[in-house]
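For reference, chains read A, B, C and D in written order, and residue numbers begin at 1 within each chain.
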Amino acid sequence: MREDIPGRANVADTPELAAYYEELAAREMGALWTVANDIEPWFPKPKSVPVIWRWQDVRPFVDRAPGLVRPEDAGRRVVMLVNPGRRDISAAVGLLYTGVQVMDPGECASAHRHMASALRFIMEGSGAYTIVEGERMTLGARDFVLTPNGTWHEHGVAEGGTRSIWQDGLDIPLMNALDANFYAVHPDLHQGETKPVDSSATLWSGGIIQPTELRKNWQKPWSPVLKYAFEPAFEALTRAAKVHEGSPFDGVIMEYVNPLTGGPVMPTIGSSLQLLRPGQHSRAHRHTGSIVYQVARGSGFSIIDGKRYDWSEKDIFVVPSWSLHEHANASESEDACLFSFNDLPVMRALGIYHEEAYTGTPDGRQAIIAG
Amino acid sequence: MREDIPGRANVADTPELAAYYEELAAREMGALWTVANDIEPWFPKPKSVPVIWRWQDVRPFVDRAPGLVRPEDAGRRVVMLVNPGRRDISAAVGLLYTGVQVMDPGECASAHRHMASALRFIMEGSGAYTIVEGERMTLGARDFVLTPNGTWHEHGVAEGGTRSIWQDGLDIPLMNALDANFYAVHPDLHQGETKPVDSSATLWSGGIIQPTELRKNWQKPWSPVLKYAFEPAFEALTRAAKVHEGSPFDGVIMEYVNPLTGGPVMPTIGSSLQLLRPGQHSRAHRHTGSIVYQVARGSGFSIIDGKRYDWSEKDIFVVPSWSLHEHANASESEDACLFSFNDLPVMRALGIYHEEAYTGTPDGRQAIIAG
Amino acid sequence: MREDIPGRANVADTPELAAYYEELAAREMGALWTVANDIEPWFPKPKSVPVIWRWQDVRPFVDRAPGLVRPEDAGRRVVMLVNPGRRDISAAVGLLYTGVQVMDPGECASAHRHMASALRFIMEGSGAYTIVEGERMTLGARDFVLTPNGTWHEHGVAEGGTRSIWQDGLDIPLMNALDANFYAVHPDLHQGETKPVDSSATLWSGGIIQPTELRKNWQKPWSPVLKYAFEPAFEALTRAAKVHEGSPFDGVIMEYVNPLTGGPVMPTIGSSLQLLRPGQHSRAHRHTGSIVYQVARGSGFSIIDGKRYDWSEKDIFVVPSWSLHEHANASESEDACLFSFNDLPVMRALGIYHEEAYTGTPDGRQAIIAG
Amino acid sequence: MREDIPGRANVADTPELAAYYEELAAREMGALWTVANDIEPWFPKPKSVPVIWRWQDVRPFVDRAPGLVRPEDAGRRVVMLVNPGRRDISAAVGLLYTGVQVMDPGECASAHRHMASALRFIMEGSGAYTIVEGERMTLGARDFVLTPNGTWHEHGVAEGGTRSIWQDGLDIPLMNALDANFYAVHPDLHQGETKPVDSSATLWSGGIIQPTELRKNWQKPWSPVLKYAFEPAFEALTRAAKVHEGSPFDGVIMEYVNPLTGGPVMPTIGSSLQLLRPGQHSRAHRHTGSIVYQVARGSGFSIIDGKRYDWSEKDIFVVPSWSLHEHANASESEDACLFSFNDLPVMRALGIYHEEAYTGTPDGRQAIIAG
């Protein structure tokens, strides 16, 4: 790891030093200069790589799972999406975990809670529900649900429903990296329902007008809205697109927020919905922080670190920290829409968000490297 | 002002003291004990009194105004509502001003800005518009519009519209009390339109999902939403009423908020919409801070400091600081709805909000004192 | 109040209008255009004027007070300093009150609390003490003490001390203007001492290193430091002066802060100590917000709205909102030092702080208008 | 990793499942239930273990280093302290790095900056200095210096000084875990000095009184104080100890703070100084977040997860997240004093700080497990 650059470690091995290193190692010590260039890279060197999991590839495995394990044995019946660079920590990208969960009508999982923050993005089926802190939420395709850190939650599909599939997103790897993960099973295995069905969305989704009494009592660090239904969110996005140019890197992009603070939905996970207009091909940029995307509508491609990833509905792909990325809608007539979640709130809370536009070409788009 | 209570000033006049007081007064001084009990009351003693201005009484005067003055001479053609205890500062209650403005089709006022924060609540007519910082907003009945402190703004009614009437609310008396009022006329008398019509409402009224690019650049202390249309707000209110009991003092009450912070719409003025269910009669309470109400729907009454004030649509009434107040919907079948604005953000920002439930009767309602 | 300027009210009186105005007045209404130019001035028009109270003039009255009233009758034995433009509200400037209190050895006042925020700046004597929320503070010359809003507090002079004199500063007029003043006498007339003498200063005056346990539990909006001793503050000021040029308008100026937040000492009152180097004459500026100064050391003059006010130790003077002001040290060899308190935290909390450098002359100093 | 507990994964291996797992693995997928119990532990399971590095053991290696490498080759001549559970990431505990750096008179390292936040705690020598953003700081024993993320900084020892040794603390492993590390060498290898020596400490160490002009312009997320000298900090600590009982777990503990916000010195690293009275033996507790201690004065022991670690001056030891720990001063006559730094600001910023007192014994102290 020597670098022949002033200010970098550049120490030649000698027998004397080798002995010194050995003695240090035996005493839980080491010489910084032997690892300095490695642990202090010029810029982020994620172990994660860009990956796309195409729905056509994932779905067969998801569909096989109910025949293989029961929810009561599996805890949660989930096909995880695992980054080849992060197999040791079961992460999809960076310190974010994602997986695809499947449940059949009448199935339900026991209630639990954990320090990890969690979300679900519904992909298919009817009758799915989540109960969070006594509130049952009914879930339809592309609805986005929070199960924030520390909340009792449980999932299921009603008897009259159909096989339901959703994407889970959690920051389990982050909690483990920070040595701060906790897990508990509800003492009764299931919680009672103490609130009207879908009440948090009913109360809070006005957004710009909020229930005064509830504003007073909310002490939690996460959003009081637990379910963000897709239709009104997509409507807000298409409405905004009429009067707003959006971002050069992301098209018209909107963030799901905690309406009590204007901040992210949970302290460690942010989430967005973005629209690429017909034919739109954005400019490239890179930033600290990792992103997991699911294609909510349409088809197109993203170029990540010079390689093109084609995507269509329900495909899931990831962009590692500091990777150059740009997005394109392949259709000349239809909007494309991406749902995503990320760890940008962590970057911002710790003062380490850093962003850079790609300036390598006049149009700000990367050349494609044969991959 | 003597009070025979330990800890209060209780000094008898003597010739010696009289001479002392006179000498002090000649030198821009005074003896605290001559005024202490007066300037340090046991609890707030507003000069404002409760007042109701019934629409049937106000409207004829509003309707006469266009025949009496032109907007270009009047600046703004407004019938002010003036509290009998605050004539010296033209306040409706506390340090809040309100008035009713009228404009005919084709009329418009010149653009100006001021340190006072301002809002409008539309009462009647079609074709009214406000332009704030280059954005034209079209206004219908009961829409609520901000013209925040420091923004260039102007009002008018389109040629094809009808006579339009709205309530203005400002904190002019507060700005004057704080010696912080500024006023400027736009150098061109009118500003250009630089943004799409109604764009702020289009972009931001999703509330729980917000345009990411615009979130980054907003540095203002007031809400990026400039128009809060009535229909979605009232819908949010009636939706909330289905799952939320509301406040014992106010029925189901919701606050218009700045979606970027979850705070009040402007730093010095808050605004709410509240629903009293058929037959509902709230409990009484009192708090620091003044409130101006307009009846948005229905009819009922409020009891303020023991006196009953009956109200119906478009009536305007005020509750002074620390006055006991409770509200009742007189209808057994229809909801009643009150729009209001207040200086509670000032109370909160300065750490002097103080609230107390009325406990004089078991049901928490005041006995009516013959007034 | 007519102004012949586009955008301003400019309505000629007519008999018809006079009748209209009379009818309005009879119904608690008015026509905005009759007062608009008055209540919406182009810039702040304080009723307060600059005043200086020289110690040689004030002191004889302070010294006479103990012979005239007993503390138990007066409540507090204070000679108020009253602005000629604010006699109606007993303010020294803007919405700030100040006065000079005197107590003899063995005297003490009963404990009370109020919504107004209060401070004391010690001028003379030994043995004075203040007890705030169970903590006795011993006070020496130029020490600065808080008695924040809502805290039980009482003042006295120990038997073995000498006649003690201090300046009180409060925002009583602000609390009254906001209809938010409360007052209570301690049920036992005196509070017990529950904390070690001077403990808050002992614990917190390290400033940049703070007691971890106490940091967790502090919920109050005001500083946990109740006594800011003069010597270390002045030492910090002179030390800073060696490496810091300071402000062009104020010399080397430092703010007393709440160490838990870095904010002002109390939510409505800020306080500063500033040093003018030998011969220094600052540039002029103006801003919203009012200031009360006491000369802590040295002699010099301030020019306020074109008039010169010479000052020396213990003189008290005021600068109204939006008044141009500059300060000069008359000595060529000694530092001059001003203590001051102000309502700038109110301006900032409400988003109405506004500041402007004087640019009327090349050196930024005002010409003196014969006064 | 099966657990026979309701709500936990408990799936028996079958040939069918084995085949399924293999197919998943080949496609960058996996079955959550095969790892769930592992990645979602009941409570934090750090890879770090408690370690103590005794100065008598470390020092010889530090003293040998100057004979082995030159600073210009090593970059920084540092003996790292490496946790046996974290050799892969060169961490001392959790995601914190620490090492001991040595420099001889006349040596200096080139200027660089990094996204990692860094601090130094001086152990020995005279003439050491650090230059941060153009400000040279002179350093004596036990002074504590910040080199915050993103600042240009360089270290050296003046010609007339003596061999100087200090402890470095950084969050390099955190920055790498978050894929957010950046590093740059100063283009000129050394920066100019643009500010007076020790100016930030001179200006800001008053703490409770702060330079007004500099308060306005500070936009950084870290403390404007760069050097926290030991003497005044220790004085504040002993002064506080006279009136404050302190924490049951830590004795009298004080936090170094950013005086502009009252928050931690840097966004990701906090730092404390604590005093154990003669004979004091604290109660045990555990919390999320890792701590690195250096003994600043005296001798004693800590019990960490049931094992006793004796320490004396300059020894360095670590407490992993969620490890039970308690501290004892072995002397009956002298105070003991520990300097420490930690990642608690990360825990707090992300809403995952969690703390628990040990209740296994009546006196709250752990039984010692033979280690």
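One rule holds for everything that comes next: a contact is a pair of C-beta atoms (placed from the backbone, for glycine too) under 8 Å apart; a residue touches a chain by one contact, two chains touch by 3 or more.
Keep in mind that this is a model prediction, so the values were computed, not measured.
Taking each chain's centre as the mean of its C-alpha atoms, the one that lies farthest from the centre of chain C is A.
With each centre defined as the average position of its C-alpha atoms, the distance from chain A to chain C rounds to 52 Å. Chain A and chain D have CA centres that are 30 Å apart. For the pair chain A and chain B, the distance between mean C-alpha positions equals 43 Å. Those residues of chain B in touch with two or more other chains do not exist in this structure.
Interchain contacts (touch definition given at top) occur between A-B, A-D, B-C, C-D. Residues 5-11, 16-17, 20, 23-24, 27-33, 35-36, 39-46, 48, 51, 53, 57-58, 61, 64-65, 68-69, 72-84, 89-90, 94-95, 97, 99, 110-112, 114-116, 149, 172-173, 175-186, 189, 221-222, 267-268, 288-290, 320-322, 343, 346-347, 349-352, 354 of chain B touch chain C in their complex. Those residues of chain D whose C-beta lies close enough to touch chain C in the complex are 195-196, 199, 202-215, 223, 225, 228, 232-233, 235-237, 239-240, 242-244, 246-247, 250, 252-262, 272-273.
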